[in-house]
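Multiple structures are listed underneath, in structure tokens.
The following pair of complexes shares a single chain, chain A, combined with chain B in the former and chain C in the latter.
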Partner chain A sequence: MVRNEIDLWHGHPGRVFPNHRQDADATKAVPPGATTENVLVGLLVGVAIIICVVAVWRLDVTGESGSGLGKQFTYDIKDMAKIDPNLILYEESGRPISTGFAGSSAIVVGPEGSLYVAGDKAVHMFGETGNLVGKVQLTDKPRSLAVSQAGEIYIGMRNHVEVYERQGNQLATWDSLGEKAVLTSIAVSKNDVFVADAGNRIVLHYDTAGKLINRIGARDEDRNIPGFVIRSPYFDLAVARDGLLRVVNPGRHRIEAYTFDGDLEFYWGQFSRSVEGFCGCCNPVNFAILEDESFVTCEKGLIRVKIYDVEGVFAGVVAGPEQLIEGGAAAVCEFPAQGQAVGFDIAVDAKGRVFVLDTVKNLVRVYSRKKAG
Partner chain B sequence: MIRFGHIIIATAVVVNLCAVVSGRHGLPARENTAKIAAPQRFPPPEFESGYDLPPSPAAPHPRQSIYEYIDVAVLLAALILASYLVLKMRSRRAIFVLMVFSLVYFGFWRKGCVCPIGAIQNIVLSIFDRDYAVPITVSAFFLLPLIFTLFFGRVFCSAVCPLGAIQDLVLLRPVSVPDWLASGLRVFAYLYLGLAVLFAATGSAFLICRYDPFVSFFRLSGNLNILIIGACFLVVGLFIGRPYCRFFCPYGVILRQLSRLSRWRVTITPDECIGCRLCEDACPFGAIRKPADEWSATEYVRGKKTLALLILLLPVLILFCGWAGARFKNVTSRMHSTVRLAERIYLEEAGEVEGTTDASLAFRATGREVKDLYEEASGVRGQFAIGGWLLGGFMGLVIGVKLTAVSVWRQRTDYEADRAGCLACGRCFKHCPRERLRLSKKDKAIS
Partner chain C sequence: MAENKNDISRRNLLRNGFFGTCLAGLGGLAGLLAGRLGKTRTLWQIDPNICIACGNCATRCVLEESAVKCTHDFEICGYCEICFGFFEPEPYDITEGAENQSCPTGAIKRKYIEDPYYEYTIDESLCIGCGKCVKGCMTFGNGALFLQVRHDRCLNCNECSIAAACPSGAFKRVPAERPYILKKVGHA
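Entry: the complex of A and B
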């Protein structure tokens, strides 16, 4: 045992410590079998060096050989993108309308039936046939848009709201909400304006003069409000005919109903990879409310426009990836940044038509309900 | 009186401080760094829907900063203790215990990171990239062993370095490596250091960390090839003492030079060498120098001529190696992601490859001009051309100095530990009868 300890510490198996030079010389005498042992050691070291060199050679220095994982780990959403044709209730009507923008951001239908599209540094107005009927020039890029019954255009810039009349004259500029604010949606009712601030994860309730009345949706356990989970800059809202504010809570994959005082009344929607639910990190990204109070939702990533009834029950599909994206499902969201960037906006008119703003091609596609039979 | 060692310490401290200061207070100079430094466009994602965040794939996991300072304190304490054990107590057994502790703490518990060996790259990068901030703890890890080496020899290698410790533990049947072969193999360490500095300076890769043969053992996970390389080092290390330390360690290259200047260092005998030759084969690392007889007049004249010739040839060798190093710029620059991407894009544009890679796909999604990418890659290659000249010149200098050393006679009357190569492991102590006498006197005094 003692000898083993010495071996380990001094690395000389069986070595004794001679007391004089003659003994030292004696220890250097080559014992029988030492040559064979040395050859074996040499072979072992040689083999280890060869294996080491091969291992160095086989190292994937730059990581370009990939992960080495099998096909089962490939991110493939082709099957998810396929939609049963029987579920598709709408068809594209007419030719798409070119927005004339290099970067479109929002779409809304005005009270008189005109189509308003925001993009670049302007708002374009289109008539029934898709002809350009008006323009409002802006000083910065708009992100969201709403039109009141009186025809006033509320435009959400990055961190503040600007109000214009239809002729393009600026009526007001509201106070900035700070550097962190990212305004993604505006809804206007008779006396109230609601602004969705994705940056601060809050809905701001104003009067039409721009005076802040209330903040809606902040996490409040006492009021049973879970708070908004927003993982990408999409956060939409609208005022429904039942007098409640509908707000998307994209991280929770649902649409929540609030009173104007900020009480959460109910919600609907669930995460699901099937067509009935909302998938991905944060969907739906936008929605609109039809005359019959049913909802039209739009998802990003796996781009789908779907219909839900007033109770939030899945009713059908307006258009799926194959209808909305050239090349179909394969072109959808090849890498995360793309999925975060491409969120289409939607609007509906009194005739039940659905307008889908393709923010990539800067087109407005018009969908009408298929005729029965 | 100012010693040369003091100048070296001062230089090292100044370089380190420059690295820290340039890293901390630099302004964004590069586009990519500016993007990183830019404010977030959007609040970070929230996961509150019952989603459990998977554990971070980063290893080791980020630690609280207090633990980083504790690590520095442990390193300092271990260096002080190692110095005491090596120089004062002269106990191999105690050194062994400290070595095991260091292996457990810095190796298996701290997962081999931060280590002074890899810290070379942090320091180099912070000097060449003013946007890169080197943490003060990393600077301390880099600097402390250097300072201790200047004063006490390679005490870091003896009992504090986990890489050295794991190799030391497996050394069971040492065989000696001829001096000429050991000296030749050490060139790899200089080359490794040069390449590591080149790649770190150009922001290409941290080569030392990427090829650390033992870190996979410490983390109990890693690339299979790296595990195999580590296992091979350990198999070789059964017979050849500390092969990584002696022939590959880039930090060892620096420590070797500083150890030559050390104020105090390991001695085989506690007082005087009686020339008994008992320690002759005690060192498994070949770091005991035998007494050298004076050269004969013929040998002296021949050595003098050879030395003169080599000194004359040294600039030629440096220039030639520098020129050769610059020729490799296309190969070495492939370690830089921009050059790799540019080459890939070029092949895709020329139709010489099918499909895309993640990197090329991401590049095309940015909308950047291919021409801009080529220009950037060309600039990087230019850096590698300069770096190749310097690296080649450095290697030429190393080879030249090694050759000239053969022609220099050094008088030595006693058996002594090699100033540069001694790893201060303490194996030789008990082979010295004077040491045994000292210990027996000590025992008697105690009893």
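Entry: the complex of A and C
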């Protein structure tokens, strides 16, 4: 009986196939051609792996390799993003605080010093060290946020206001302002609540019970009020220590001061490519007022957080694109989704710290003033 | 000796082969008909929510003048006085002077509406689909400018050379009855 059959199918006369009667020694036999064959297969697999690695490595997912178009076709804002380091008065202190949201929208510091962040369908409260100390669950996405001296949380939903106590119990739901309304900011003083409606380009003045008192900022030539120019859903306001309401008019690149009756008193701010002014089509997007009555502003597009004194004179920079965006200006508009969400919000506390809510990475960065010298 | 049913004779082989071929033909015909009836005609289009305006559309199209053009969604537009799709990032002045305009081919037209609103329109005969204005509008504005394949120009190649070069995978096949992908209002 033949012990080993020749593998005629593969044409390798040296290759042996043990049959069921074959003894154990025969299975260990290595024919002379098998080593070369194994080496060849190994080489082929190796080359295939190398090709795969090179292909993945050379994969251009950001268009960096270029289109072959000339320099005049490139949108470059790298030079604009550069800020003189001597103008930067603040430095980041501590690690950023994770908001715990997939989409965050607003930030404010409460009277007790806690940090309130609105996002997804909730408001998260953080303590001094960034630890989560409380939550308020909502039924819809919040867009704006304010906390009264009594600790009541006023939350601007898309088209109406909801009021909660710190423990999460709902106190009131105000009437809807209609389908066109987009509430982007709320400010609370002792007896008054101001709501910025970007959709209708108006500020609504309520009492704390939700009764509408008047509308502020509608175009009125007799009262010398030019009207708000709102080109995107960013429209911020705050009540200053001088008793006047400050409202951003982003399309005119300025902050306007109104009495509670709606009279325009004065304004400051102008468009400028340089760091002293507000860049882009409509800026600043958000602002906050420090204890010394100076202003902290935040711009979108070229993301810059800056300080202006009480008269609106540029005083310095808290952070620029290099500090706020990974990769500096170059990464600002890499993807459409980022371009739509780069209106960072800001808040300040009694210690003069500036909290910047990164709405792309859903983090809060804390900045403190650099020590002199 | 009785004939085994499993034995393959020439007659059996031919008969079974004939029936098998007929069956396969019928199946193929039915599949073809079903495919023709159920198949939706598709076209190439750019998803503006994925497109990064890299500029490849201007250079990779097989046509001498790309089938991709800039599109302007007026519903999203802020009618900005200082439009960063229209103006260079650092313009000398806020006027329509060529030296201030971002578009290298002058394809964007600016028209005064009322203070401080301006309307912008695309001259498609000049647009090459480079996406420079798209990048500016996406960074500073509402993203009202975006690129789309114009189907009056597109050859609908089976293997689109722009799609092959698209770094973000924004090129996709869309049903012919919905040939354009518009941005959603309120997304900004």
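Here is the rule we use: the second predicted complex is superposed on the first by the 294 of 373 C-alpha atoms of A that agree within 3 Å, B and C clash if a C-alpha of one lies under 4 Å from a C-alpha of the other, contacts with A are read in each partner's own complex, and residues count from 1 in each chain.
Methods note: a residue touches a chain if its C-beta (ideal position, glycine included) is under 8 Å from a C-beta of that chain, and two chains touch if they have at least 3 such contacts.
Everything numeric in this text was worked out from a predicted model, so none of it was measured.
Visitor: Once chain A of both complexes is superposed, is A:252 in touch with chain B (first), chain C (second), both, or neither?
Guide: Both partners.
Visitor: Could you tell me if A:243 is touching chain B, chain C, both of them or neither one (first, second, both, neither)?
Guide: It touches nothing on chain B or chain C.
Visitor: Of the two partner chains, chain B (first) and chain C (second), which one does A:201 touch, if any: first, second, both, or neither?
Guide: First partner only, chain B.
Visitor: In the overlay, answer first, second, both or neither for which of chain B and chain C A:103 touches.
Guide: Once the two structures are laid over each other on A, A:103 reaches no partner at all.
Visitor: In this superposition, which partner touches a larger number of chain A residues, chain B or chain C?
Guide: Touching more of chain A: B.
Visitor: Does the superposition put A:271 against chain B (first), chain C (second), both, or neither?
Guide: Both partners, chain B and chain C.
Visitor: Once the structures are superposed on A, label A:48 by its partner contacts, choosing first (chain B), second (chain C), both or neither.
Guide: Only chain B is touched by A:48; chain C is not.
Visitor: Between chain B and chain C, whom does A:232 touch in the aligned arrangement: first, second, both, or neither?
Guide: So A:232 meets both chain B and chain C here.
Visitor: I'd like to know which partner A:94 touches here: chain B for first, chain C for second, both or neither.
Guide: After superposition on chain A, A:94 lies in contact with neither partner.
Visitor: First (chain B), second (chain C), both or neither: which does A:38 touch?
Guide: After superposition on chain A, A:38 lies in contact with chain B alone.
Visitor: Please identify the positions on chain A that touch both chain B and chain C, taking each partner from its own complex.
Guide: 61-62, 229, 231-233, 251-252, 271, 281, 334-335, 337
Visitor: What does chain B use to touch chain A in their complex?
Guide: Checking each residue of chain B against chain A gives 39, 41-43, 45-49, 92-93, 96, 169, 171-175, 210-211, 223, 225-226, 228-229, 232-233, 235-236, 238-241, 276-278, 280-282, 284, 334-335, 337, 340, 357-358, 361-362, 365, 427, 430-431, 433, 436.
Visitor: In their complex, what parts of chain A are in touch with chain C?
Guide: 60-63, 65-70, 72-77, 79-80, 229, 231-233, 251-252, 271, 273, 279-282, 300-302, 332-337, 339-340
Visitor: Using the touch definition from the top, list the residues of chain C that touch chain A in their complex.
Guide: Residue positions touching the partner: 48-60, 78-84, 89-91, 94, 102, 104, 116-117, 130, 132, 135-136, 138-143, 167-168, 187-188.
Visitor: Which bits of chain A are touching chain B when the two form their complex?
Guide: Touch list, chain A to chain B: 7-13, 17-21, 24-25, 27-28, 38, 41, 44-45, 48-49, 51-52, 55-56, 58-59, 61-62, 64, 179-180, 182, 198-199, 201, 226-227, 229-233, 251-253, 271, 281, 334-335, 337-338.
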